[in-house]
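Read the structure below first, then the notes.
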Amino acid sequence: MSEKIHRILEELESRLVEFGRKLHNHAESGWTEFWATAFIADILIEAGYHVKMGREVLDADFRMGLPDDEALHAAAERAIAQGANPDLVEKMRGGFTGLVADLKAGPAARIALRFDIDSNTLQECEEVGHRPFDEGFSSRNNGSCHACGHDGNATIGLGIALALAQLRESVSQNIRLIFQPAEEGVRGALPMVRAGVVDGIKALVGCHMGFKAFHTGGLILGAGKFLATSKFDAHFTGVSSHAGAYPEEGQNSLLAAATASLNMHAIPRHSGGATRITVGRMEAGEGRNIIPAQATLVSETRGETTELNDFMLEKAKKVIKHSAGMYDQAWQIKMMGGCKSGESDAEMIALLRQSAEKVSFFQSELIEDYVEFGGSDDVTEFMAAVQEQGGIASYCLAGTELVAGHHNYRFDFNEATLAPAAEFLTNAVFAMCELDL
Amino acid sequence: MSEKIHRILEELESRLVEFGRKLHNHAESGWTEFWATAFIADILIEAGYHVKMGREVLDADFRMGLPDDEALHAAAERAIAQGANPDLVEKMRGGFTGLVADLKAGPAARIALRFDIDSNTLQECEEVGHRPFDEGFSSRNNGSCHACGHDGNATIGLGIALALAQLRESVSQNIRLIFQPAEEGVRGALPMVRAGVVDGIKALVGCHMGFKAFHTGGLILGAGKFLATSKFDAHFTGVSSHAGAYPEEGQNSLLAAATASLNMHAIPRHSGGATRITVGRMEAGEGRNIIPAQATLVSETRGETTELNDFMLEKAKKVIKHSAGMYDQAWQIKMMGGCKSGESDAEMIALLRQSAEKVSFFQSELIEDYVEFGGSDDVTEFMAAVQEQGGIASYCLAGTELVAGHHNYRFDFNEATLAPAAEFLTNAVFAMCELDL
Amino acid sequence: MSEKIHRILEELESRLVEFGRKLHNHAESGWTEFWATAFIADILIEAGYHVKMGREVLDADFRMGLPDDEALHAAAERAIAQGANPDLVEKMRGGFTGLVADLKAGPAARIALRFDIDSNTLQECEEVGHRPFDEGFSSRNNGSCHACGHDGNATIGLGIALALAQLRESVSQNIRLIFQPAEEGVRGALPMVRAGVVDGIKALVGCHMGFKAFHTGGLILGAGKFLATSKFDAHFTGVSSHAGAYPEEGQNSLLAAATASLNMHAIPRHSGGATRITVGRMEAGEGRNIIPAQATLVSETRGETTELNDFMLEKAKKVIKHSAGMYDQAWQIKMMGGCKSGESDAEMIALLRQSAEKVSFFQSELIEDYVEFGGSDDVTEFMAAVQEQGGIASYCLAGTELVAGHHNYRFDFNEATLAPAAEFLTNAVFAMCELDL
Amino acid sequence: MSEKIHRILEELESRLVEFGRKLHNHAESGWTEFWATAFIADILIEAGYHVKMGREVLDADFRMGLPDDEALHAAAERAIAQGANPDLVEKMRGGFTGLVADLKAGPAARIALRFDIDSNTLQECEEVGHRPFDEGFSSRNNGSCHACGHDGNATIGLGIALALAQLRESVSQNIRLIFQPAEEGVRGALPMVRAGVVDGIKALVGCHMGFKAFHTGGLILGAGKFLATSKFDAHFTGVSSHAGAYPEEGQNSLLAAATASLNMHAIPRHSGGATRITVGRMEAGEGRNIIPAQATLVSETRGETTELNDFMLEKAKKVIKHSAGMYDQAWQIKMMGGCKSGESDAEMIALLRQSAEKVSFFQSELIEDYVEFGGSDDVTEFMAAVQEQGGIASYCLAGTELVAGHHNYRFDFNEATLAPAAEFLTNAVFAMCELDL
């Protein structure tokens, strides 16, 4: 079978490169992946997948950090103008991007793969020497840029999808492919989990280009020590007043926010492990001589475990609440994203090693079992959900040398990795089908 | 009549000096004036006054800044040991010092004079050159010292009392003399007012030695612009924890108190007039490596008007409450004293000028109508109560050069002022009897 | 003479109204009054005045709160496009707006009048019912609006100028008219004073529409108790870092700015009089997960006297400097405006009263001698300079009912006041010529 | 040889118990161990050791957290009164306690053992059931109590010393015994190191009763992951002023200290490992109505590595310096103690295991190689110095069940451990002599 898989992916390779470039060219940031979702859906539907979209795969109440209605509308219209299937876009109206595709009509899938599809909010490099620019596929969408390789991740997913479709008869089980929106800001996984997208799933694998896998021909089979994180904005609304004439009539939002910022950073360290807190941005007040009546803090917490992050978040909320109370502010904490900590399972890592070793592209000395991720990726929401229902999961990293780091406007990866990575995971799907789930 | 008054006070002078020295020698701080009250009561009862003491003249619920039971007990025992009438001390048990004396059995008094009797908590100077020490009447009570002249104030009151007693038949009305405890810390007036001590009073005069009247032979007839003030302590109780091993388990009282201090000082200035806020003392925590679980702030607010002080106090309370909440503290604000702002009435000042001019001791070029007090004295509680029921009031200052300022451990005043000041105010009593109250 | 003056102004009235509307229509904010200055200059030159402009009347080093080069260039081009004399605009390039006009070639003027010409940065109301909109003279310049009546002030100045020109032969002295830029933000007076514009001036009068003179037909002849003020921005530059990965590598500008804000507001109250401090705006940081590496505070201090304001400013600078030091920030305090406190002279008020009573438009019961200004206007820089060289000065307010308050986007005044105000001050010029300066 | 050692220690056991009780009974806190040092010196001199004391073994400039002269004098007098050899006490005048003893006159020692001798500042339990109280050897020195077992540590050292003295001829090398003062507060090691006490030492072992070795019959052979720590006090001196009358004249130490406290706790977390910072105590100000003119912060930092602790300390110093500058304070940071992080060497642990297994008292299943210490002990200063010069070191823990934890006023250990622990380490000395150092 691995032979057969190898040949299929070899044939698909040029198409995959084309898919990746199209996705790169149509970079769309979180909750606006209208074009990308429609593009993927069209391919999967044609390949015979059972595709679900919209509210069926996203619990509206758990979507965080949503752009405003106007921005969502504009992005949908842009996608249509760029050729997206209008019927599909219609299903996503209001920011219901992403999709779930089942290989077979039934029975319920127990095996799933997850790929993210959103871009960064960043202006892509438009200088000679930046390959996507030189070769004409850099982002056409101002302020959106695939600088984290999700275009590659989604392409690997498409490669697996098309390979499995060709081999449908040989696949003993139903297989689910999840194309998640809004990974940046760790926002898209939770509403999918809450919509039941991984209910019943017992084996889950995700895959990401690069990160700590720096060599083309290399792989990291499992990542762990994901940091749990919470993203949130705090809004304070006070009372303005002429600062010279009636300072006593103001309720000062700026001082409330300053007090909150200082005291949030003074939350105690934790003996249980590493924690983080940052107020990354503060905007407060209007004019020089007006007591400030509004302030916003853009903030995040992190923790080596979900519990540590929760500790930080609860403390931060208390600080914000009472900083507001001290200055008689109306206040609101708006959750903008977040995810749990996470660990890959040794059993899945072992399975992946066997699958990887079947792919000649990968050199065994460049295949590592495990890396501490040290950052956040909301794949952990899927992993935790699967693990809580008794399943196993892993997050693997497909090696590629990088011209510039993730989130840098010159980011680019080696396209040679796409097809072999899809080959590796198609093999893994067949191996998972052999598990006693 | 002024001639007669002059002769009476001339005869009383040496006794008054003796009274003043005895009071000085038995200095007792606020709520412990057991000896002084008994001493005054004995004199007034013998002179035929109707004396009320204890709970009759003090509403227990409004006494602030009370020493603890042990200290009150010790002070009462000390007074008895120093010769105070045990029956009178019994009436004051638990810190019910001070008294009210009516010249006549009835009708209800409409005229009142107020004098304070407490000492400072200060160690008196025990060096040659300090007159009370040289002449053997410096304080026998360790840590208590009459460094604000309340011994003189009370003596003037006794002078007036004895003069009026001699002239009882000529006095057309009942006259009330109020000997107030605990003026230091502005604590004694409010419980007297709440006990009804000035109910029905339509004319009230208080008198204080020195302050802004720097010349013997001088007088200031009315003081105004008293600052309203509130004295309070804030206590925070958190949770201690080993700072190295389990920093996250502590609830940090020190940081709560630091946050409160900073934000209290950041309370906005007020367009309505001068305000003040001070955290004068902070004590927090225990050991170097223990998360602090207790903190105390010793604080006060002031305002040019009662409303301004209330503004400051309310803001301060809010800051304290939310600083506590931010750090999960149990907290308490304990009111330790306070009084209103106040103004002397022009009508009373005019009356006092006529009375002053009848006393040859005072030189007209040294008699001033009015001074801005600029500090706090809880005579304002009596003044405000009288003014609110349609009466008039003034607070006058009896001139004396000073060796050292008020509250200094070398404070001393010119005893020559005592009898003339009593003469002046006895004249004023007769003038008040002529008012249409 | 007052009869003659009355007739001249009566004749000028319709022209003055037209002038005012043109200025209103060409609203330009501080340092961009290219059109307005050229407009005024053209009129004055034609009337025979000796006009000085540019660096001759503005010390470049003392101009604060200057727009950037691009904005200055755009405003100059706009003025030319709107018909301003290009030769005059050339003299003002780089933000050297405003002018000084002498009635005679010599001798040096000892009498001066000062008018401000800049608009607010505000979008004018464009609704039916707003008279300037209804009558077609609302601001053509987006974001600039005469909402403080400086169009009226300048027009009064033009009225006086044209009247004096007609009466040149009768005027016994040289007279200086100062048209000051950038009064909003209190920026324009100081560089004019430093350029020597009031050197040798012994009598100075300024005039402002409305403010505390609420009635058409009314006047306030002298304003005092101007608040001294300093406007400044504080910039902090730190080091950014990934908040999750390397928090220790950041130098946090947001926390520096928060610490500065809190401690600036905690600067002690002053027993010498009212003070103010406000951080009216704070912007800090970039993204949620990046240690903030820049922050800006937009701030001001005020004081009842120049000394009180200096006290506040010095303390604020110290707080900013050390908040920066605490967080290893590069920092800068950029002065954006400022002026002294000020008082009108009784002698000048008396002179103005006589001049006002010669103008039938003003009703004596609506003419007041004095008002506490209670705000800031940098006319005080001129007044102080004149008073320091032994002269006298006053700032008077021309009464007008107002539809909406100063700085409101619906602000409008009664044009009927313009000619009588000019008449009043022309009379005052003749009276000043009689003074022994 | 191990047989011989066993018999010697068996014979010494009752004397060791007596030594331990005497030390317990004469508990002396850091830098006041006059009695204890003299007691140990007398024994060692009699046993033929070459004893050095005073400035020879302590660099005066590196002693931190020294009691004041009066306290040092009183402690020295007390020791003499309690029977200490006055000649020896004389050598320690001014707080030069502790000693170094060499087994032989020469050559220079390459092997050393270190024991600490100071007590806690704590009132010992005086209730029935507390064994030292019941048996009459609880602390005779008020406020000093051996609640950390240093009396036991020193006794083990004495046991080794007497055993080695008996076996002097068989010991192939010179051996150094270090009795260190002031381990509590981590103050005594550094001045010994700086005086050269471990210069040339290539093998060093320290030993402590209990801690994480909870079972009598157990041992932990090596401790690591000591936290580096710095102990320091910050003093602020400002200017006091009457808070009501002249608030502007004060320079507020309390607000400086509050600002420092908040910002010290806001020092960023470090990606390199665990850090700590605590302001454990703050005292500021005097009276309620006086601007505070002095403040003290009692503080410490910690770090998983010396570098991490240095990061915290440098940041803390910067915060303190600029909080002081912000409020015009004179300030001082007084280092009160500190030590590096530390690790035991595997080679020494292996050697110790062999030595331990020769002692029948210890049960092999209760002997552990390694524990993470997780706290601070300034034995690390000696260990680091030895390791830096190419030597090896370990810190071992002698097992004992505990009635109450370290630093608890009911602390007590099992005396049965003393002689076997000395036996174990005497064996280790012989093993170290075999090393190629």
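By letter and in written order, the chains are A, B, C and D; residue numbering begins at 1 in each of them.
Keep in mind that, in the parts below, a contact is a pair of C-beta atoms (placed from the backbone, for glycine too) under 8 Å apart; a residue touches a chain by one contact, two chains touch by 3 or more.
Note that this is a predicted model, so its numbers are computed, not measured.
The interface with the greater number of C-beta contacts, when A-C is set against A-B, is A-C. Averaging Cα atoms per chain gives one point for each, and the point farthest from that of chain A is the centre of B. Measuring from the averaged C-alpha position of chain A to that of chain D gives a distance of 52 Å.
In this assembly, the C-alpha centroid of chain A lies 54 Å from the C-alpha centroid of chain C. Between chain A and chain B the centroid-to-centroid distance comes to 70 Å (mean Cα coordinates, whole Å). Contacts with at least two other chains are made by residues 245, 247, 252, 255, 259, 262-263, 265-266, 268-269, 271, 276, 291 of chain C.
Within the complex formed with chain D, the residues of chain A that make contact are 262-263, 265-266, 268-269, 271, 274-277. Interface residues of chain C, counted against chain A in their complex, comprise 227, 229, 231, 243-245, 247, 252, 254-255, 257-259, 261-262, 265, 276, 278-292, 295, 298-300, 302, 336, 374-376.
Residues 245-248, 250, 252, 255, 259, 262-263, 266, 268-272, 291, 311, 318-319, 321-323, 325-326, 328 of chain D are the ones that touch chain C when the two sit in their complex.
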